[in-house]
Structures are given as C-alpha cells and as structure tokens.
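The following pair of complexes shares a single chain, subunit A, combined with subunit B in the former and subunit C in the latter.
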Partner chain A sequence: MKKVILYIVVGVATFAIGYNVNAVYFSDRSPIQPIAFSHKIHAGDNNIPCMYCHIYADKSTVAGVPNVRKCIGCHKIIKQDAPEIQKLTDYWNRKEPIPWIKVHNLPDYVYFPHKRHVKAGVHCQTCHGDVAKMDVLTRVSSLKMGWCLDCHTNGAVAIIGREVKNGKDCWTCHK
Partner chain B sequence: MGKFLDKILERFKIYRIPGYYEKYDHKWTMVIDLDRCNGCEACVVACNAENNVPVVGKEECGNKRTLNWIRIERYVEGEYPNVKVKFIPIMCQHCGKAPCETACPVYATYHNQDGLNVQVYNRCVGTFTCATYCPYDVRRFNWFTYKRDEPLNQQLNPDVTVREMGVMEKCTFCIQRIRAAKDRAKDENRSIRDGEVQPACVQSCPTGAMTFGDMNDPDSKVFKLAKSQRKYKLLEELNADPSVIYLKRVMKDGSSATHEE
Partner chain C sequence: MLNRRDFLKLVGVGGAGAAAGFALGEKSKNPSAELIPYLVPPEDIIPGVANWYTSVCAQCSAGCGIIVRVMEGRAKKIEGNPLHPINKGKLCARGQASLQALYNPDRIKNPLKRKGERGKGEFQEITWEQGIAMLSENLSSLRNNKRETEKLYLLTSSIRGHLNSFLENFIKAYGSSNYLQYELFQHENLLLANNIAFGQDTLPYYDIENTKFLLSLGADFLNTWVSPVNYSQGYGHMRQGRPGIRGKVVQIEPRLSLTGANADEWVPIKPGTEGLLALGMAYAILEQGYYKGRDAQEWKNILNKYHPKDVAVLTEVDERRIRALAKEFAVNKPSLAIGGENVASYENGASQLIAVNILNHLAGNIGKNGGVISNPKGASLSNRRGAIKKITAFAKDASNGKIKTLILYNANPVFTTPKTMKIEDAINNIPFIVSLSGSMDESTAMADLILPTHTPLEDWGDDFAEPSVGYSIATVMQPAVSPVFNTRNAGDIFIDVAEKIGGAIKKEVPWNSFDAFLKDSWKKIYDKNKGIVIQETTFDEFWDNLLAKGWWRLPDISSLKPGHISTKGINVYLQKEPSKFDGDDKNYPFYLCLYPHSGYLDGRGANLPWLQEMPDPMTSVVWGVWVEMNPKTAQGMGIKNGDMVSVESPYGNINIPAYLYPGIRPDTVSIPIGQGHRLYGRYAADRGVNPIEILPFKVDPRSGAIPLNSTRVKITARRDAPGNMVKMEGSTREFGRKIVETVTPDEFSKMGMEG
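After this line comes the complex of A and B, so read on.
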C-alpha cells in the first residue's frame, strides 16, 4: 500500500515539474527572442502607444512589426551602451532584419483582419493581454476557434457594444 | 435521445428551407453571354492562378482526377463546311436549393448570407457525397497533396488556402475578392458598388462574356441582363435554382443554340 502511494506521489510530482518546465522553457507562448525586447519598458514605463510601432493595425490585416530603421531612429541616441542595443546596432550595420519569433501566430487558413477589429473598437489588450506589464511578451489567449467564437456569437456586446454581424458564418474568418 | 434527434432536425431545417436566401444582403449572380464566348479558356487559366488550383498533369487527367474549378465544354455539330461549334463555360452554379448541401454529413458545405454555396475545407472529411449529388459535375476532389516546385510556390495567392489531400473544393465566386470589396466599402461607409467585385474569370474574359453582380440591386448590370429573352439556366428541370444565368447563342439562321438542344 505504501509503495502505491509513493508511486502516485512521485508520479504526480514528476508530472507537475515536467509540466511547468515545459510551460516555461518549451512553450510557444513566450519564446526567447533574438533581442530581449521589453514591452514593459517601451509601452509601460515610457508610454509609447501601440500604434507608434505597429503602424498597420488600423489599416491592414496585419498589425506589422516595425522595421529596424524605426528602432534605430530612437536608439541612435538612447541607451547606446546597453548590450541588447549593441545587438540592434549590429543588425542595423549588417542591413539585416531582426528575426523576431512570431508569438501570435494564426494558421494559414484563417483570415484575421486587425483593421476590422480595431475599427470596431476592440482594444489591443482584449486579445493581447496587458502588454505594458510584460517584460517578455507572452501569449495570454489561446487563439483557438472556440476563443474567437466567444466574442463572435454573443460576447461582443460587452466589448464593442453590439453583436457581430455574420459572426457565425464560417467564411467570415476561414478562407 | 428524442431531444437530440429533434435538435439535429432543427439544424437540418435551418439550412434547407427553400428560398431562405432572399432575406440576405447580396445575391451574387453571374450572367454568361454565350454569344460572346469564343472558348479561349482565359478564365480557366485566371481561375487556376487566383485560387491556387494545382496543375495535375496529363496522367491524372486521364485518371479523371482533373482539378479545374471552371471548365469549357465544347460541342461540335455538322460536317466540315457547315460546322457549328458551341462553347459553354461551367463552374459551380451556386444553387439556391443546392443538392450538395443536403448531402454533406458534416455540414462542410452550406449556404451563406450572400447566397453563396460555400465549402469549408477544415470541416471536409472527403466523403465525396457532394460530388456525387452535384448535377453539374463541378466539385473537384484533391486526390493528392500537390507540391509546387521552388519558384512556383512564390505565386500562391495568400488570400486563398492551399488545399491538401482528401478535401473537396469548388468555385467560390472568388469569395476573397468579395470580402476585400466589403472591407473597402465598410471603410468608406457605403454599400458595394455595381461592378466593384470581379471574380478572376470575369476579369480575364477578353470578350466580356461574363458579368458579375448583385441580383438584389435593381440597378445592377446583372439584373438588367437577366431580363433578356435569351436567358436560361442549366438543367432547370432539376429545380436546383442556380445563380449562374446563361444567355443563349443565336445563330445566323435565327436558330438558338444551347447545349441542351
């Protein structure tokens, strides 16, 4: 009997440790980026609006990752000695784009226009979480179809004050 | 158990009330003037390029595994000096009372708000039932996952999914273009203008034989063309109520020539 309990305890403990290690180190929710960019410093402490860097959020299907020129525009002057900024300068000198790892990655068969959502009055934080407090960007929402449908069926009234038109139609989002 | 069956029946009924599409905003319709069609197959090429339709090759075509969303049927009549050739482009007719919709066991094909008969690739399990039910033989099945060689994968349209093995596919009336037009119209706070949406086949037609528009809009070109005396629909006796309207070809001697005669 004692042995059985021991096995169970060891099993549960192993599972818990493994699960956490997996969630922290091997999950795609917060990948390790080529440059340790902190949204907390930029959007939180310095109050830079989201749309200053992600300029296409209200104009296109994708929100857009800023080009290196935009980063360098400020960091020519600001905090040039920091090791992470040195990496940025290296990319700039080599004329290479920074290979950011996409955190909010949707499958190929999904049509998600940022434009439509931003113009409808959905805040960035509704889906992306409180980015201004994240040192390492983490994906807070599951981005699964059920999660999308939560709003598209009846949850939208609380967010944008009206129901989504044709929200249930498959071809609204699939392509 | 009874309740469960009732629920299924209820859902079944929602999609299958005849004429239920009339309450929708748009009723996309295509008018094809056969008098103008000269069978150049530019529409076929345009469709393949726009919708990521793979080129399957000679061998697979021989095995009846063709993958064209639109095809040109040819009918040749008579002996040499008096030859009559008729062409008729056939794509998915987007039937109002579509036989394929009643067939699908997983609701992968259904009618949407715009009077379009659409196929959801993610739901499709490839039972082939819809293709068997389709009287126009326009549904195509992906027998294999077709790979594009290195430079050719660059020409894939990002607005259209690349389908994989085991999925049924068919003409969508270029729904991605309709969606883009709707997006534009919404930004400018207006309704879609007549002629703003053009599927790839309509756009590429050199003789202007095809016209695309909204049947619900009485000012549209399509609405006026559909009043023509020459109009007919394919296999009308089946009562599938297609959205594609053909205009008969009138020959020199005054006889009309449709492929049905």
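After this line comes the complex of A and C, so read on.
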C-alpha cells in the first residue's frame, strides 16, 4: 500500500516537473528568435514608440513586423559591431527576410483586427504586457477565447470606458 | 528499505510521468508559425488591407468591367465594377472563376521548345532569349531570303482594343495580310443579318430593361448569350423594377434553356423553323393592320408566302397561337424580339435572324426604348469582320502549303472546329508553329515553340465592348498582380522580335514595351478630346482617373442610323424553308442542337475547377457532359437517366450519358459544348466528349459561321458501358412536398402584392 502511494507521489511530481520543464525551457511564450532582438533596449531604454516599427497597427488587421530595410536604416550606423547586429547585416546583404517566430499566433478562424482595438483606445501593453521590460519577448496573455471574452463581455469598461458593441456575437470574431 | 527492483520501478514511473507532463505541455502550445517581414516594403501594400484594381473580364466577349481584390500582391476575389455601364457591379460565375485561370497549376510556366514528334506533347524549357531568337530567326529568314512574308499567318481569339491595332500594325509592317481572329461564338450571322437589314454591321443594344413584351427566339440571354450579365439585370428590371408593369417573356426554342425556364411561355418549336415563325407573325401583324407604314402593302406582298396557316404546319406551332403571339407582340409597346445563338446556329441562321429584324421593324421596335437600339460604329477597333470568313480559307491555305509560319494567340481551332474540317491535319502541314497561349490546349500542343503569355489579371490592355449600351465605351485592363510565372505580354513579344529583325519593322513598332504603346495610344485619345469631353488638365491626371474608374466613354464616331428596313431586295434574304439537317430522318431520327455550357462556354472554361464543380443550372450535372433526351422518347428506347448512349451522326459518333429532360422536344436531342478536351490541363483533359466532333463541315458562305445545329443523329443504348453522370439533384419533381410554392402571374397580380 505504502509503495503504491509512493509510486503515485513520484509519478505526479515528475509529471509536474516535465510539464514545467516544457513550459519554462521549451516555451512557445518566448520562443528563441533568429536574432536576439530586445524590446527592452528599443522600447524601454530608447523609448521608441511601438508604432514606429509596427506601423500598420492602426491601419490593418495586423500590426506588422518591421521590414528589414527599416532595421538596417538605423543599424547601418548604430552598433554595427555587435554580433547580433551583424546577423541582421548578413540577412540584409543576402537580401533575405528574417524568419521571426510568431509569439502571438491566432488560428485562422479568428478574425482579430488590430486596427479596431487600437482605435478603441486599447493600449498595446494591455494584451502584449510590458514589453519595454522584456529582453526576450514573452507572451503574457493566453489568447484563448475565454481571455478575449473577459473584455468583450464586461471587462472593457475598465480599459476603454465603454462596453464592446456586439461583444458576445459569435460573428464578431468568427466570420 | 528500497530494494533494487522497487528503485527501478520508481525510476520507470518517474520517467513516464515526466514524459507525459512534457507531452501535455507540448500539446497545449499554440502552433508555432513564422512571421516573415518584407525586405523592402512595396509602396502601395499594407499587409491585411486589400487593394482593389479595376480591369476588364476576358472570360467571354461581353467586356464586363471588374475590380480585383488584391491582398499582399495576391489576387483573392473578383467582383463587377459598380461604375461600369455594362455589368453595373455584377459578375457571372465565369468571371469569378478567372482567378483560377491566374493560379492554374497547369499554366505554361516557361517558354517551351518542342522536343519529340509534333503533337506528342514533349517539350523542353528554354529561356526567353532563346525563344525570341528562334521566332526572330524564323521570321527573318522568311522575310530576307525568300521574300515570303505573306506566308506568315497570325491567328488569335477575338481581340478588341489596342492590342488588336498593335498586331495589325506589326503584321502589316512585316509584309503579311494574314491576321485573322477565330472563335466559335463570334455572332457572325447576327452581324450579317443586321448589316443586310439595317446596313449596319454592329451588334445592337437590346433594351430588355424597358420592354413590355420580350419574344426570345433561342436566345439564352440570362446564361451565355452575348452579354448575359447586362441582360440579366435588364431582365430583372423588366420583371420587377417597374411598379405595376411586369414584362412578359415568351421563349421560342426546341430545347428549354435557362432563359426559357424563366419565361412565362415556352414554345417548343420544330428546330430550324424559328425564322418562319417570325415571318408568319409578321404576316399576321400586317393582316391585322397593326403596321401603319406606307409600305405595308409591299410588305404584305413579300410576306404572303408566310400565311400563319402554312407556317403552323412547318413550325408545329398552332395557328391560333401564332396569331395570338403576333397580336401580343404588336399591341404591347414597346416589344422586343431577339434571335439568339440557337437560331444563329442553323445553316440559314442569317436569314432567320433577318426575319426577326423584320418582325421588330413591323412592330415598330427599331430605335425605340425597350426595343432594338443601334450601337455607334467605329470606336471598336476590331478587325474580325473580315477575319471570320478566313478560318476556312486558313485551313485550305495550310493544307496547300501556303503557310510557312503560324503564330497562334489564345485561339484553339483544333477544339472548336468539326473533325470533318480536318484542321489538325491542315495545321500539321505548317513548317513552323508558334503558340503564345498560356495553357496547353489542343492547338498549342501542336506548336514547335511556345512563348507563354500573361493572364488578363497580370496584363496591360484595353477592350472596346461590343455590343455596347448605346454609346461606345473602352475598358482598361491593368495588372492586378505581378506575373505568377515566367510569362510575358503578347505585345512585348512582338516588340522584342521586331527589335531582333530590325529595319522597317522596328520603325513601325518603336515602343519599348506594350504598356508604353498603350499609354501612347491613350495619349492620342486624350489629345484629341481634351477640353471637349475630357476635363482633366494633364494626361497623367486623365490616365490615373481612367485606371481608377476602369472605363471611359468614347466619343461616337458614326452617327446612329434610323434603322428602317427597306422592302427592296429583302426578298432574296428571306427564309424559304426549314433549315437543312444532314442525315435522313429514318436512320437518324433526332435533330441535334448544341449549346454553349454555362461555365465552359466554347470550352475555354473547362480547365477551371470552380466551373467544373458548378452544377449546370438546368440539369445540375457537374464535372461532365450529357445528352438531353425527352423522357418519353428515352422510355420507348429503354434508356434510363444516366445510361450511356451512343450519339451517331453521319460523320461520327460519341458515347455520352443520357439525361432525361422534360424540356426538350421528343424529336430533338441536345448536348452542351465545352467538355471533351484531350489536353488543356488536369481538370479538363479526358473528361466527357466534344459534340462539335460529329458535326458536318459546313460554313455559311456569306458570314463564315459554322452552323452547330446542322445534323440529325441516331441514339443507341450502350449496355456495355457504364454511365458516369454526376448530378446534384435527386429528382426534378417535388412529389407534392411543396418545396417551392408557386402562383401564376395572373393569380399574383390579383393578390395585389406587386411593386
């Protein structure tokens, strides 16, 4: 009897360890990127506004990842010697776009327009967390449907000062 | 306390637990995806936001304006241009499906050179430089060494607009006069009939929208005929757009078409006698004194051979019905009679269409709103008038070795001419064949050199729609997307060739690219009309506005003719007897009537899976072909729905599944055109049969039209072959289930719910 309990305890404990190892070291919340880009340096230390790089956030469904020419525009001069910047220069010289890994990835049956949220006055940080403090970008929101509905049903008042129109309508997000 | 065995068990449990935990963590992850940025962003693209480009649809010759939805450089959807006067924002299934012409996996992706035997379909990829060099060398040698420039032939589909004048120019500069256009449905008979009757060889505008009584003789204008999107909207307005007025439609045809199914009355007339019915009605109108013209007596003298009593015998339409139709046609003003493809497809189709013109004339419908409105001539740059007659001459010249080099552009005469014409053998005599088509169709497969061209969504061009809507319009084609494959504009190919040949030809084609030529040509139009009808102060502004709007109203070059039909000399053009059908009625008991399929038209749409998947509106058959037989006839022969039958004409036979269709005369069978491609990509190849193959080789000597309704056939059941017809419908009957509630128009008007 004692042995069975021991087995169960060990099984549960190692299960938890396995799960956490996956979550911490193999997390999709902060995947390893081809270039170790730091939001902390750009948005935090240097105070660059989000929409300086993510230029489509108020115009389109997608916020837009900056094009390589935009990166090189500054880094032609700034920090040329840093090894990570040299990776960037290599991509540019090869005329290859950088294959970033998506941190925030929605399935294609969800219609999520950045534009509407930005125009409604939702701050980037509400969903994306305080990226200005992140050396490695980490997803802080679950992006599950329940999380969306937290705002869409009643939580929006605290954020944008009003309720979401048709917030509970399936067709709002599933077109 | 813990022995070795227990320790190992614990390790096992621990390992399994950790693995399970890791796996669960892995499974609950969002799927990872890459986020690829632009290297350098294109100026006019915002990811996630659509750009719409205006252009012109090229799936048939109606010339509808379209707008193409483009996301990140990919065309996603096509709609009708809401500002365009022909289709007014609407678009048919064929137009929608042109996206699949762009992304078709079986497009020719690179220039090809024939490798094996001709016609075997073995090609090797070459570069554009090599391809242009091959063509230039051939044309140079033809020109320099032997002075045989007349032996160059250019055969294209119906091209209107500036590409047409460009090609004309090139061929002339080269020293040849053999530029011809060929398509199966070019309305040659209708043009001839209008030329004889009104002295004007343009297609008129049929004002269906404003008519009160529409008599359609075999015109499937809601489906495939001439300009179906325009006519469909006109039809909708005629029926429901005018409070208190509901136009009546009578459809006269041996086989009930989609338009016939929408009509109030269907007159299942004997095939080939439609023109006689029109003349019989015309005589009845004269007899009743509805025609008030001064030449009424002359008309009566001419038409007295067509007494309704005699016409009734030939047409198998009751005399009282002929008289009743005639009265309705004359009393309801404005009324409109149109003669469609089914009538034009008879051997004496032009005569029958002249009869329809006479009927319109005697009822006073010419030049009236709600009647036949003539279109101005001249703005159209089409040269097809002369070209049509030459397709037979072309076959003859090819057989006689008069053609040394043939350049094909989007024309597929091998598929669209009867086997009896032997055009394949004729073409095979030509030493050097170049195809500029983008798909491997039956004619392109015979080429020695293939230089693939853009699809319309990747191309520059323009189109002068015919028929227009009472005034001339031009629609501009602009590239909505960058070329998907290694293809080129047809005009650019000729510019490159002219560059290589040099000399006088280069001087005639001085542009660097076709779009430069196009812009240049529009600059001329701008300069000519600036300040008169053009408000824009600079050409660039005009051009930008033109591309944004998609079309422009051209100043009419000729004035409209009054459209009076003179009795003088008309006698010789009148239909004397029912159209001839080959084959005696004992051995070949059925009339064969062919019609264009609503999706494939003349066969060009068969490589687009959306159109293959689209159920035929009358039979609901998909991905195939069928022969329509009257259920009573079929029953008598022991043929069930879907059974394989052999359709045999004196010129050949095809095996095809039978569709039992109540909407067809017992003595007639009908087959849609479009399937039966040997090649033309994975979706079209080896699917069904091509009924054109069993037609006799006949050509109307006056118009050059190939009659499609010209032979009788016999039907025999093929018990040995399984039927392979796939249809969406279970049954055509509702078995009292009240799936569709119906009321007659009279009942409906009594219900007081109109308007």
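Note that in this section the second predicted complex is superposed on the first by the 161 of 175 C-alpha atoms of A that agree within 3 Å, B and C clash if a C-alpha of one lies under 4 Å from a C-alpha of the other, contacts with A are read in each partner's own complex, and residues count from 1 in each chain.
As a convention for this text, a residue touches a chain if its C-beta (ideal position, glycine included) is under 8 Å from a C-beta of that chain, and two chains touch if they have at least 3 such contacts.
Given the structure is predicted, the values throughout are model-derived calculations rather than measurements.
Aligning the two structures on subunit A places subunit B and subunit C in clashing positions.
Using the contact criterion defined above for the overlaid structures, shared-chain residue A:Thr14 touches subunit C, although it does not reach subunit B. When the two complexes are overlaid on their common chain A, residue A:Asp108 makes contact with subunit B while staying clear of subunit C. In the superposition on chain A, A:Asp28 contacts subunit C only, with no contact to subunit B. Looking at the shared chain after the overlay, A:His174 reaches subunit B, while subunit C stays out of its contact range. Comparing subunit C and subunit B on the residues of subunit A they touch gives the larger count to C.
By the document's definition of touching, of the two partners only subunit B reaches A:Asn166; subunit C does not. In the overlay built on the shared chain, the residue A:Trp100 is in contact with subunit C alone; subunit B does not reach it. Residues 113 of subunit A lie at the contact with subunit B in one complex and at the contact with subunit C in the other. For subunit A in complex with subunit C, the touching residues are 3, 6-7, 10-23, 26, 28, 31, 56, 59-62, 64-69, 92, 95-102, 105, 107, 113, 143.
On subunit A, the positions that touch subunit B within their shared complex are 108-109, 111, 113, 115-116, 119, 166, 169-171, 174-175.
Subunit B contributes residues 110, 112-113, 116, 118, 120-123, 159-162, 175-176, 179, 183, 186-187 to its touches with subunit A in the complex.
Across the interface of their complex, subunit A is touched by residues 6, 9-10, 13-26, 29-41, 46-49 of subunit C.
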